[in-house]
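Should a chain be cited, it is by its letter among A, B, C and D, assigned in written order, with residues numbered from 1 in that chain.
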Amino acid sequence: MLLIALLLIPVATAAASYFARRRAVMEAVNLAGFGAVFVVALVLGARVLASSTVSLANGFFYADALSALVILLTASVALICASYSIGYLRDDQQSGELGDDVSGREQLAQLRMYYTLTPLFVFSMLFMAVANNLGVMWAAMEATTLASIFLVTFYGKITSLEAAWKYAMIGGVGLSMALFGTLVAYYAGHNLTGSAALSGLNWSVLAQHSAQLDKTSMRLAFVLILMGYGTKAGLAPMHTWKPDAYSEAPIPSAALLSSALLNCALYGLIRFYILTSGCLGAEYPSRLLLLFGLLSMGVSVPFVLVQKNYRRLLAYHTIDHAGIMATALGLGGALGSLGLTLHMTFHTIAKALLFLCAGNVYQHFKTDQFSEIKGSVIRAMPLTGVVFLMAMLAIIGMPPFSLFQSEFLILRAAFDGGHALTGVLFVVFSAGVFAGALLHVGGMILGPGSDAPAAAPRPWRNGSLLALASALVIIGFWVPAPLFELISRAARVVSGQ
Amino acid sequence: MIAELFLSGIVVWLAGAVASLALWRQPVAARRVACGAALAGSLLDLAASAAALFSASPIVIGLPFGNPAFTWAVRLDPLSAFFSVTLSALAAAVSLYSFGYLKGMEGRRNLGAFGFFFNLLLLSVALVFTASNAFFFLVAWEVMALAAYCLVSFEHEKKKARDAGVLFLIMSHAGTGLLLIAFLVLASACGSLDFSSFHLLASRMTPLQQGTVFLLFLFGFGVKAGVVPLHIWIPKAHPVSPSNVSALMSGIVLKTGIYGMARVFFDFYGAPPLWMGTVVLGLGVASALLGVLYALMEHDLKRLLAWHSIENIGIILIGFGAALMFRALGQANLAALALIAGLYHTFNHAMFKGLLFMGAGSVVEATHTRNMEKMGGLIRRMPVTALCFLVGAVAISGLPPLNGFVSEWLTYQALLAGFGTTQSLTRLMFPIAGSLLALTAALAAACFVKAFAIPFLALPRSPEAADAREASFTMRAGMTILAVSCVALGLGATWFVPVFDPITQQALGVRSSSALVMAHGWALSPGRPHGGTISLAGMALFFLVAGAAFALPLALRWRRRTVRGPAWDCGLPGLTADNEYTATAFSKPLRMIFSALYRPRREIQAEYEVSPYYPSAIRFESEIEHPFEKRLYNPLRDRIMAAANRMKGIQAGSINLYLAYIFITLILLLLFGVR
Amino acid sequence: MIERLMENAAQFLLLLVLSPLVTGVIRTLKARLQTRRGPGILQPYRDLRKLFSKGIVIPETASWIFTATPWVVFFSTILAGLMIPMVAAEAPLGLFGGVLAVIYLLGLGRFFLALSGMDSGSSFGGLGSSREMTISALAEPAMMLAIFTVAIGAGSTGLTEIAGAAIGQNWRFLAPSQMFAFAALSLVLIAETGRIPVDNPDTHLELTMIHEAMILEYSGPYLALLEWAASIKQLVLMTLLINCFWPFGLQPTWFGFGAVEGICWLLAKLLLLSCAIVLLETVNAKMRLFRVPEMLAVAFTLGSLALISTFLF
Amino acid sequence: MLMMPVLDLQFGERIVTLMAALVLVLQIAMVSQRWIVLHIRIFAVQSLFLAMIAATIAWYNHAPHIYIAAVLTLVVKVILVPILFERLVTRMEIHEEIEPIVNVPLSVLIAGGLTLVGYVVAESFYRPDAPGVGHNALAVAISLFLIGFFTMINRRKALTQVLALLSLENGLFLAAISLTYGMPLIVELGILFDVLVAAMVLGILVYRIRETFESMDVSRLRRLRG
């Protein structure tokens, strides 16, 4: 019932705002819808804490701590983005970003598209997190792509079409690899569970018999899945669509893409990792994961160092962190898994916050080039400037912000697990990213400043900014006990203990 | 009791930080709150850590922070307590000074933010010194770096300040990476992050691991301490930051690196191999010598002081290196002597360098320039500042009867005794180090003759200097406190030495103060019978008696036949500031003698009107080369950037290319990954 | 306690009385060697008397540093002098410091002298201070090496112990390490006392002068104090040299006729050393400032040779 | 007597393998194709063969739900998508040839090589006792997948890339039905629905690119870099 509600509310929201006639209605509907989703997600979390798993329709829907965590993160980011996008889109409408016709019909159509597609996008992510059937999970993943493509093309510029095209093509290929992997996994399991039976693709069933799965097939399956869901997660070398898509999509959608969608992709990966390590032992998948993870971290370094565009900079950060989380998954064990789930949580908050700050800056200065802003942010918009710098320091792993803690855990897992080289490379890469990010963002925010006009008050945007920022600061010093319990349970799901 | 006291200090700092940030719209209130909280917190922690220094067992306090994955706890053992004392003693004076110093910023700058970061810096440094496990240490370490960064680039509209801040933060973060690796290697060896479980751990590891961890720690902490060649951020960061911050940076933030080394070398290592000691000793000598040599070439007052920080860190490391070598050679007593020398100098440097930076701050505030060539004659307009600065200058030059001489004397004694401890050639290192230390000290004296004489003596060289005003009362008070403590630490050396007993006891199992103090606390000895003694109190007594008996009466009698007359002006019409010897001219001989090192570049353009003998205008420009930046860091940076630019070709924008990446990866994995 | 005070008083007087004499002797010997008559050995005393009776002119530009310096220099030199054994093997103020303290006390004096040189604002003063500090800095490592050699031999930095160790074993100064150290230290002594070929003590207003340039602005009693301090410093360093290496005739105590014998020994040794210095000054010309480092480098090499040979032989 | 072969499972496998081979041939033919309309039609025929394979397998293994899959394939891939795309082509008046990035003979050679890779990978799956069409079909499926992928890389025009993507998914379909006799029904439905939507979405995207960019040459979409 709870799960049904979780899935129905977004759909209803989408429908409602599709038929809505006025902007205010759409905004209200979205806000209410995502608020409800958030509440449901909280309840689900509590339920999962009470009874370890929640399942429905004889196991078609299935939620354990990991799913609950992913859902909670998705829901909270969605809520924040909803409240932010109200201010953001109003600003766009005033500044004529949405086409300037007198009737305003075009603008309304575009707003409708946004307010309809966003709930669908969130819906598909939630669906993926509660789907027990691997095939359905795949379908949901595909749905996220389809729902988000037109969010990327929102502004209809040629560059945004280009970004959408690359997103669609690379995502399509990735997803077909993932589908292939799912097939092969099904093949690996279809001997023991009767073919054509629906439960034959159920993760919970396969996880129980993971030891009896066909080894060769699981190898092939994992390779394909890793590359497939890795594409959505943005692991190098499948990462190339990310900077384009993030820098072209409207900021709230970019925030959703880079925090919530990343979690979902990793979620799929984790599910298959559990199956594979159950079948082949952790050694085989972890080697591949470490390979891709380190590659992603390494690839992001030079682009961060010589980046000119702050939205692309954030995208490369996401690639870096996808690599970090893949590495954590590959390191596995109690420490690695806890590091992974903690990092997932912390990264979601920090990255969403970064994108919202970037949105403020972008809408004020109308450019995403560092060179054209040159250190006047702190003067023109003090709050945004301070929060931006703070979030940037957080994302590059500076204490007292929380990401340092998760990265510390991951590194410790590396050294305890005897992956000293991994640890060293990790440190080297993150030092590189640190340097680059600090140089650029510091130079953008601090400085003599130009005579840029002070920004107009933006209650919706700064409200969500403040909420997220305070969350970021607090969580570095104090994680609420239930939340931590959820996180550590999710970690136990990952490490299979 | 001690725990409560310490915690209350922490809380006061925290409250001060938050409160001043909250008051950022009322600069006056923000200033008062920030400085008051800083002062109160420092006094509380001074009391707490002074008590903890002599408490029988280490005091452990858990903090109610963080998540269950980590423990946030502080532990005050003698070593931590000693450094904490150093911090809070300096911080108290600096906070007092800041009352007056920050007045100048009111209205122009956001004092709320300043107060926030100022208190945060004190707080984090205190936690760095007392953190009880590797994780919490690193957290405090990075928070400190962050606060220091924000304070260094506080005047962020100046490019120099921004660049210096970023350079500092990046270098310190790179250092932190090394520390992270080192700590985690230790942790994986013992399965815990607690410092208490690291005790003597390193010595149980394989030689390779030992060496690696040692080097990682040495360079990781060396960045913060400013050991050559990791020093380049110091001469950039200290000058640009506000002077009270420079005082803290140089006085205590550098010492966090020293603390880390002491913690690692004397707590984690039992008897380290000999080569480690020699490496530290070598680095110490190099830092000391290069630091003072580059200081001599500066005429930016604050940068000159910054270079001297490098020099003094070198002197401290000479002591530590000698202690390590003695430990390797099994000479616990000598190790204690060397360690005491190093720690004593640590405390001294905190005092007189803080004093000097505050003096420089007053001068800069009064003259609106850091360039010595534009100062002069300030001793008449700012007598108290001048006197305090003079005390600091004498102390840092290691001249009796002030505190600098004590620690250098102890260092000499340790080095002297080192010669007999081994038959191998390494024993030559001790006297060589000693002689180079002597050179360093003499050059430092030369440098501070310049650093005092040029700004304070003779005629003013600029209108600003001509009508400079004496610093405000609180600033003078802050400086006076440190000046007095410099004198006290010199004359009262024998009363101060017992402070080190708990530390040497903890690190080496030796309590040596009873051997060091002689003649009813009148004289200090190197701890061996007939090893030579000094008694600064005695010297002071002699000067007092002599002064009272001869100097004073005679001077009074001679005053009657004293007349004031013009100084010899070489036959020119009257002596003007143009006749005066400049700082550049003063260091000219050394520039010539060490030209192989400095590679000075000079450029003289003279314009003539009538004949080549009467130039109407001369433009003289001279600069020296900084080899580490020119030959090491800049090329490295350029290489990396060039490589990164080349790597950008990966993201060339072609969808076909992107698909090809995935395709090739897939094929490779299918062929080699699956089977 | 009382004895110790009396010893101190005695050595104090000896320093005050003997130092102008040494200067006078050296001057006279030099004059004779250059076939001049010379002003006579007692001339320095007359100079001092004259100066003490004269008035004082203080530059308007000078500060209190200017008047304080002569006292600081004078008394720090005296204090250093009380820390070395002159007549008795035991240094009267040995408790207050050893050879390191002596060097650093002289350094203190030099520091203030250099400051006062800059204080008047005339360019000569700055010139003198700059050169003085440079040369002394460069002389330091060699001196320290030589002293380390001696101190290592005695296992102490206390001059009493050093002299005592030397007394213990006669002819030790013939050991190569001692010879090298002696050579190094005497080169340093030349540089420190500002004698030819480093500096020329008998000149004024010559652009190569160092010590005289610093005290150019002084007059009357203050000048007297400084001159006196200079000759005391010279005496102290010479005594340091001779008593570290040839401690013959050092008496166990200051009291009784031994003292007279000790003083005679001291005078004899001082005379010997003065002759050496005079010879050196007469045969050498003053060298250019930037040649001085070369000489000090030689001293440094000698010092390190001394060290190495301590454990070769 | 006449029913004999029709009931014989061996015979069925032959047929399936034969048709799979034909599918593969068509895929290679697509690589070398120059005219976009022909391209679309080849895709339709390929999908038809796939539907027939599905039907055959359903017949011989008495798996009724695969019929549905077959029918859906017929409807979606043989009828709807080709019609949609031909409309698009006529609407955008595309006349010019496809010029591939790698020239035709070489790309055919590469396609052959990829087939080899497919067989090499499938080799490790070969075991006599395994039920189903076995590694032959898997090999074909992997080859289809790889060749389709290669065609995507090899094409400049947006529409042809979409077609390549769809043919790549045909490989998946073949694998699905021949390896495991199809996935659970609703999964099939979901997947086919996704394919349909994807085709439409991509079609719209292609159209809009054409509209704003006055060309379908995606290799010229290179504004976003670095």
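The criterion applied here is as follows: a contact is a pair of C-beta atoms (placed from the backbone, for glycine too) under 8 Å apart; a residue touches a chain by one contact, two chains touch by 3 or more.
Keep in mind the model is a prediction, meaning the values are calculated, not measured.
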item	value
Furthest chain, CA centroid comparison against chain A	C
Pair of chains joined by the greatest number of C-beta pairs in contact	B-C
Between chain B and chain A, distance of the C-alpha-averaged centres to the nearest whole Å	45
Between chain B and chain D, centroid-to-centroid distance (C-alpha), Å	71
Chain A and chain C, separation of their C-alpha mean positions in angstrom	79
Gap in Å, rounded to a whole number, between the CA centres of chain D and chain A	32
Junction residues of chain C, two or more chains touched	none
Overlap residues in chain D, where contacts from two or more other chains coincide	121, 124, 149, 152, 161, 218, 221-224, 226
Two or more partner chains touched - positions in chain A	165-166, 169, 173, 216, 220, 243, 303, 306
Chain contact topology (line, ring, star, complete or other)	other
Inter-chain touch pairs (all)	A-B, A-D, B-C, B-D
In the complex, chain B residues that touch chain C	377, 379-380, 394, 397-400, 405, 409, 412-413, 416, 419-420, 423, 427-428, 431-432, 434-439, 441-443, 445-446, 448-449, 452-454, 456-459, 519, 522-523, 526, 528, 530-535, 538-539, 542-543, 546-547, 551, 554-555, 558, 561-570, 575, 577, 579-581, 585-590, 592-593
Contact set on chain D toward chain A in their complex	63, 65, 121, 124-125, 145, 149, 152, 158, 161, 165, 168-169, 171-172, 175-176, 179-187, 190-191, 193-194, 197-198, 201-202, 205, 208-209, 212-213, 218, 221-224, 226
Touching residues (chain side chain C, partner chain B) in the complex	54-65, 67, 71, 75-76, 78-79, 82, 93-101, 104-105, 107-108, 110-111, 114-115, 118-127, 129-131, 133-134, 136-145, 148-149, 151-152, 155-158, 161, 216-217, 220-222, 289-290, 293, 300, 303-304, 307-308, 311
Complex contact set, residues of chain B against chain D	648, 651-656, 659-660, 662-663, 666-667, 670-671, 674-675
Partner chain D, residues of chain A touching it in the complex	133, 135-136, 138-139, 142-143, 146, 149-150, 153, 156, 158-159, 161-166, 168-169, 172-173, 176, 179-180, 183-184, 186-187, 190, 195-198, 200-201, 216-217, 220, 243-244, 247-248, 303, 306-309, 312
